[in-house]
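Labels for the chains are A, B, C, D and E, by order of writing; each one numbers its residues from 1.
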Amino acid sequence: MRIGVFICHCGSNIGGTVDCKSVAEESYAFPDVVFSTDTMYACSEPGQQGIIDAIKEHNLSGVVVASCTPRMHEPTFRRAVERAGLNRYMFEMANIREHVSWIGKNKDANTNKAAELVRMAVSKLRLNRDLHSKSFPVTKRVLVIGGGVAGIQAALDCADAGLDVVLVEREPSIGGKMSKLDKTFPTVDCSSCILGPRMVDVAQHPNITLYAAAEVESVSGYVGNFEVTVRKKATYVDWDKCTGCGLCTEKCPSKKSFDRFNEGVGPTTAIIIPFPQAIPKKASITRDACRQFTKGKCGVCAKICPTGAINYEQQDELVSMKVGGIVAATGYDLMDWTVYEEYGAGRYPDVITSLQYERLLSASGPTGGHVKRPSDGKEPKNVVFIQCVGSRDVSIGRPYCSGFCCMYTAKQAILTKDHIPDSQSFVFYMDIRSPGKGYDEFTRRVQEEYGAQYIRGRVSLIYPKGDKLIVRGVDTLMGGQQVDVEADLVVLAVGGEATQGSPQLAEKLRISYDSYGFFMEGHPKLKPVETNTAGVFLAGSCQGLKDIPSSVAQGSAAAAKAIGLLSKDMLASDPQIAQVDMKRCVGCGKCIQVCPFKAIKEVDVRGQIKAEVIETVCQGCGLCNATCPQGAVQLSHFTDNQILAEVEALCRF
Amino acid sequence: MGMQKELQAAIKAILPEVDCVIGWGSGPDPLHGAPLFMRSEDDANRFASGFFAVNNPALFLPEYKGKKVAVVVKGCDARSVGQLLSEGLIKREEVSLIGFPCQGVVDHDKVAAALGEKGEMGEVTAVLEEGDALVLTLRGETVRLNKADVTAEKCMRCQYPNAHIADTFVGEKREPVATADDFADLAVFEAMSLEERQAFWEKEMSRCIRCYACRNACPLCVCRDHCVATSRDPSWLTQADSVKDKLFFQVIHATHLAGRCTGCGECQRACPVGIPVLLLKRSLARSVEKLFAYRAGIDEGTPPLLTFTLEEPTIKERSW
Amino acid sequence: MSAVSLGYYPGCSGLGTSLEYDASTRAVCRALGITLQDIPDWTCCGSTPAHTVDHVLSSALAARNFAQAETAGIDDVITPCPSCLKNLRNALEHMEDDLFRARVDALTERPLTRPHTVKSVLQVLVEDIGLDAIKEKVTRPLTGMKVVPYYGCLMTRPASTMRFDSPEYPMSMDNLLAALGAEVLPFPLKVECCGASFGIPKKEAVTRLSGKLLDLAAGLGAHAVVVACPLCQMNLDLRQEQINAANNTHHALPVPYFTQLVGYALGVPEKELGFDKLIMPLAPAFTAMQEACAKATAVAEKKPAAGKTEATAGGAA
Amino acid sequence: METIDLTRPDTAFIREVEKESGQTVSKCYQCGNCSAGCPMSFAYDIPVSRMMRLVQAGQKEAVLSAKSLWMCATCETCTQRCPNNIDVAKVMDVCRHMARREGKGGVYAVKTFWDAFMQSVGMNGKVHEIGLMVMYMLRTGRVFTDVDLAPKALPKGKMSILPHRAKGRKEVADILRRFHEGAADEQKVQARLAAAEQAGKQAATQEGGRS
Amino acid sequence: MSVLEGKELRIVGFLCNWCSYGGADTAGVGRFSQPTDLRIVRVPCSGRINPLFIMKALLSGADGVLVSGCHPRDCHYAEGNYYARRRLEVLKGLLPTLGIDPRRFEYTWVSASEGQRWQHVVDTFTQQVHTLGPAKRLPDAPELAALAARLEPLRN
């Protein structure tokens, strides 16, 4: 074998703490290495060309690049060696950036370690074999999970590109958090005027099948051919018959149900259409609030419904389908702010969340857009906004910045002034985070033109005194001065968290999630909408909290990825899968027993039982390989001999 | 002896139904028995059970897969059969077991040691069992040995003298010697420091001649000709005569038997240079029993390393 | 409720400014079947001054009391005073560290030999005896009495040390008083500081902070501010006139210990509860209670205001 | 205002505060919540959040001479509400200890009151409230402190003229004496512990050797 | 290329590609400095790790072996780490019988987001191995090893 070694400086990223030249020189001593050099940026165009030229000039049969993590550029370099005529698997990487230069300070130790990692890669490469993919057909349908603004965008983009789209939404209507907002920053334009038409597009698009009041039950299969089961939850209304006339909601005698859409600002009926612009505009019954279910008698809605759509006997329904790609767009929830006992933990009716305030501001909200405080319906004059409630707070396990609160608080302060001209807003903040286009100008406007008082400091205590709320805070810009504000209404800028059930969904999708339940992107910069599971993409706040423009952008980005994936008729399978050496298999069946994918079957070979791998089903985990006592099953590209060669290369001193 | 006759009767009774009955006959000298494959009544008449019926007949069962055989089993042999069954390596309907209450078997190393200056085992011309004693004739003299002094270690801690799986059981079941395995043999070994243990293995393994008799005697080593010890792909071992490789083979053997080894001790008995290779397997058996409450060959269900549970209450993971 | 026996640490103020807290605690425990065994020859826990000097010194002063407890075979101790409780708890907690313990031992020269626990009287009543058991024994319910419970800073803080109730909005005393039949008003400042021991060196601290508490309590229409801490009680009661003078207010709010009200409700004779030791007399609270009760009954059924409430003016002077 | 030279912070001071308090002061991001909740802030010359900032910046002199150290009521509100889980009260505590060690006068009235308290404990084993008051008044010269309270408290029998003396007062006095002699000094105790461990080990090896 | 003046020990890590290898990358991206002793072998899943790889390393002169996979329930392949947990735990129990200090081998779970945790794991384990010092080497067949080295260039 003729091996070429390329040691990348990555500018000063590696070169700063690794003597790349000496690693390249040392590499000549490794077995089968016939060419070795250092290069400034191996991944750049000249860097790749250098590799290609060297392969041709030195007749190389395998290449080692020592640079960044293979999770970053392995595909890049594989394509490069392929362009030079080698099989893409005749290539190995040594990770001397993330695992060496960025974490070690001692240049000698780093250089030594880098050289050893190159030796290890060379040792493995010597046992690499050409591998070839198989191709298989794909299902040209996309599942979008979550019908908020990100999911709507992804669904519409995919559908416009000609793909079948299945959109699954947990709530009875799509629209997500954005549909609850009154206005949006920094333009202060009407939220439902922007979103409403997009929601209608979803309903009318011939390529989109919408399941509202539904959740993903299970996912199996793999990229190109996932098997998905969706649970359509019982709404006790036959949506094929329901016209959305709303007669039932007018007549329903149970009027004390918690209004989810309006964030509990005022009660609602047991049978509801969540809001006038709901898509689908269909009624559904909240079982816990409905007299028919709790008391066993009522039936008013059934009697009144002109189409006979009410069905108290309705059951959940499971629907199965095949899809080629999946976009997760499950959004966020507000965290449970009642952990803040010092803010009353919910005891004071006039301490409300930002989202509740949106509903109070909204013309289609329960107060018709008149700001009335919950306790006595009076119009508040002094409104205090407290930022970072549940954000940047290590003591309650939420160290992260929610990102959008600074901006929506500024917007709400502006709207407050618009609604109540003689009002005064006070905003307690820690830092104003406004890095978007036109954002910082917006936060200046609220102070300069709308006269909002911005006070830098946290609030320590809220307590009622008479019909006022005393807000005890601090102004750190006055040197830690204690300040009191007598407020009529306090609005908490409650931070976001991964939506309920995120970890469970992540497990169904087999994608990673962080300790807060946000889904992990494939790479924070280069794969921001991909996941490490092929065919599953991310859009919106489920990946990390973000505002509407970013959510929409990510929705389109995820759609582009899904469209790209499904633009091919056939996909190439990963050839890094298990293979059985039939001669050595004794048919003990242990591999079959442990395979998580049922990818190994028993076959009869001339009267003897043997194991056989089903190539398109095998995912390449190698569990069978580690289980087979005689090593008759070997995982291609990670064979026993290859790993042993790596171990030996490391332990030979 | 009554037991002998009864067993022979049972063997003869089943002969018509099977290809072969596996048991024991007399060996090359009076101190050694040997496996016996019986296909006729004549063969059955040569059957010999008792103190010298040491070999584990379960060893031969996988080769007979597809044919119906019967096998005479001691308690420990039955455990091996049980394990082969639970791994699906043999089929229950193809094996018929004849059990009996085992009174323990000989340890030839102990006999050799007991004889000491008095002579070699090969010189023994006759053996008589008299109650708790063995009466040996060699060099024209008789030597009395206490049976208990020359009984195999595994019998001294035997919990299952009566084959726990048997289609036919001959005789009255006897009380087991022990009710639980206290792994006292390991405790003795573990009185040594880690350094001493390492030195111990270095010294012991230096004698190994890489004959693989240990492996060949193991009823659960079903890879046989395809053992990784000698394969090129995968190539786990070099063929160098190094302690490292020889010890590594023992580790491979033991690891492949983790959760499977029933402790029959055939590996150690087969070792021509007397390396205590059973120790490693005993250590693993102890871990497996402690972690997964599993005794190979006895407990039903999937062997513990071929399955898992979501929570492992017995596994204390590192807090970091 | 089976009989309970516990070690008892009264704290220095129990011999002086909070005689009635000590007395009513003992009486209530007796009534509830709790046997208290005083720690023999106990000494000061060090209080705030010691721990402003040094944490080891503070713990050593506390540890001596555990050493004394050991001589009487006492492991588990209770104390009415939250400040003593914090010091005793802190000492036990810090002494889990070997070096710290060795440093304490170097001062006391009496290493502890057994593990100890220490709890507040309030915690024992609420958690160990239980509200249901207490409710069962109420013979003179406080129906109609409007009270605000005031816990002070240290009863539940620091949360990691006290491990009892919420550090921001505790409810144990609220629930206890409610179990006695009282009308418990939600008091938002129930853990805000009263000025602590600054009454002497910096009186303004008390007149300001305690003043704010009294203002809010009076604003809510409370008949009494119920406390669990001797220092809080002194600031709110003994210094109430100083507060009125400083703030130009006219409060006359009684400030009983919760144990006094529990004792009363359980039918313990008033003289054992030390009502007469309170500076602001408790009698008006009982009068107000009876009036409220009578009014409620009259309104509800237009029946005469007799009935269950037999409360007299509580025997206060 | 004087200019502070930030290039030369007193890092030894920062380290000492961190070691004695067990807190990482760099975790403070100056949200001011401690100051916002502090009931004694009105009496502080430097609000507690600024104290934290001064510690971060290694401004030892400013921290240890602050009156705030002596006006802290140790109510723990700052600790309770710190979003970064810093035990702010403990930082204040150790700074006060350091101020004492450095001989800072502090707020005379407060320090005198605490010292009088400790003296009362040292003499009687328990605090004698009247004795404490007398001692305090004599030292501060504030002879009229709370005289208005005496007519209220005395008839209630709450203030006994004679102290309740504990038999163990000698023991308490010994604790205070040993403390002032430095018996609990960390290094001293640590050295003693190490010596004891060494001796234990030797005994064990000898034992082992014999067997 | 000897190990740096005896300052470094030989620590081999087997890391699952999906979680821990990514976690180590995350640690790198965050510049969380770590001791330099560890060399990482990338495997697709902790379930791919035959415990004998670890034995091979330990018998071949590694002073420590660290395995890290996805947290239970997070396995990219659903179940691999569950099998790994059992097998690795059993292996750990065997080490003392061989005279190898079990603290030379640890296994743990680190996700791709846990850069800081990875730093902590590497710090802790490296320190643990350093406390134990260099492992005693089993005698190789020295003359054969030397011969093999000399024959190496001729192999192709």
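Keep this in mind: a residue touches a chain if its C-beta (ideal position, glycine included) is under 8 Å from a C-beta of that chain, and two chains touch if they have at least 3 such contacts.
Since the structure is predicted, the reported quantities are computational estimates derived from the model, not experimental observations.
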So which one's got more C-beta contacts, A-D or A-B?
-> A-D
State the chain with the largest centre-to-centre distance from subunit C, centres being mean CA positions.
-> B
Whole-Å gap separating subunit C and subunit E, where each centre is the average of the chain's CA atoms | 59
Centroid spacing, where centroids are CA-atom means, of subunit B and subunit D in whole angstrom | 72
With chain centres defined as C-alpha means, what is the inter-centre distance between subunit A and subunit E in Å?
-> 32
At least two other chains touched by the same residue of subunit D: list those residues.
-> 42, 77
So which bits of subunit C are touching at least two other chains?
-> 167-168, 192
Sequence positions of subunit E contacting 2 or more other chains | 56, 60, 73, 79, 83, 87
For this entry, which pairs of chains touch?
-> A-B, A-C, A-D, A-E, B-E, C-D
The subunit B residues in contact with subunit E across the complex are 186, 189-190, 194-202, 236, 238, 240-245, 247-248, 251-252, 254-255, 258-259, 279-280, 283-284, 286-288, 291-292, 304-305, 308-310, 312, 315, 317-318, 320
Spell out the residues on subunit A that touch subunit D in their complex, using ranges where they run on.
-> 342, 388, 392-396, 430, 456-461, 472-476, 479-483
Listed in rising order, the residues of subunit D that touch subunit C in the complex are 39-40, 42-43, 71, 73-77, 79-80, 87, 89, 93, 96-97, 100, 107, 109-110, 112-115, 117-118, 121, 125-129, 133, 136, 145-146, 148-149, 152-153, 156-160, 164, 166-169, 171-172, 174-176, 178-179, 183-186, 188-190, 192-193
Subunit A partner contacts - residues on subunit B that touch it in the complex | 87-89, 222-224, 226-228, 231, 233-236, 256, 302, 306-307
Within their complex, state which residues of subunit E touch subunit A.
-> 1-4, 7-8, 10, 12, 17-19, 21-22, 24-25, 27-29, 31-36, 39-45, 47-50, 53, 56-57, 60-62, 70, 73-74, 76-80, 83, 87, 111-114, 119, 152-153, 155-156
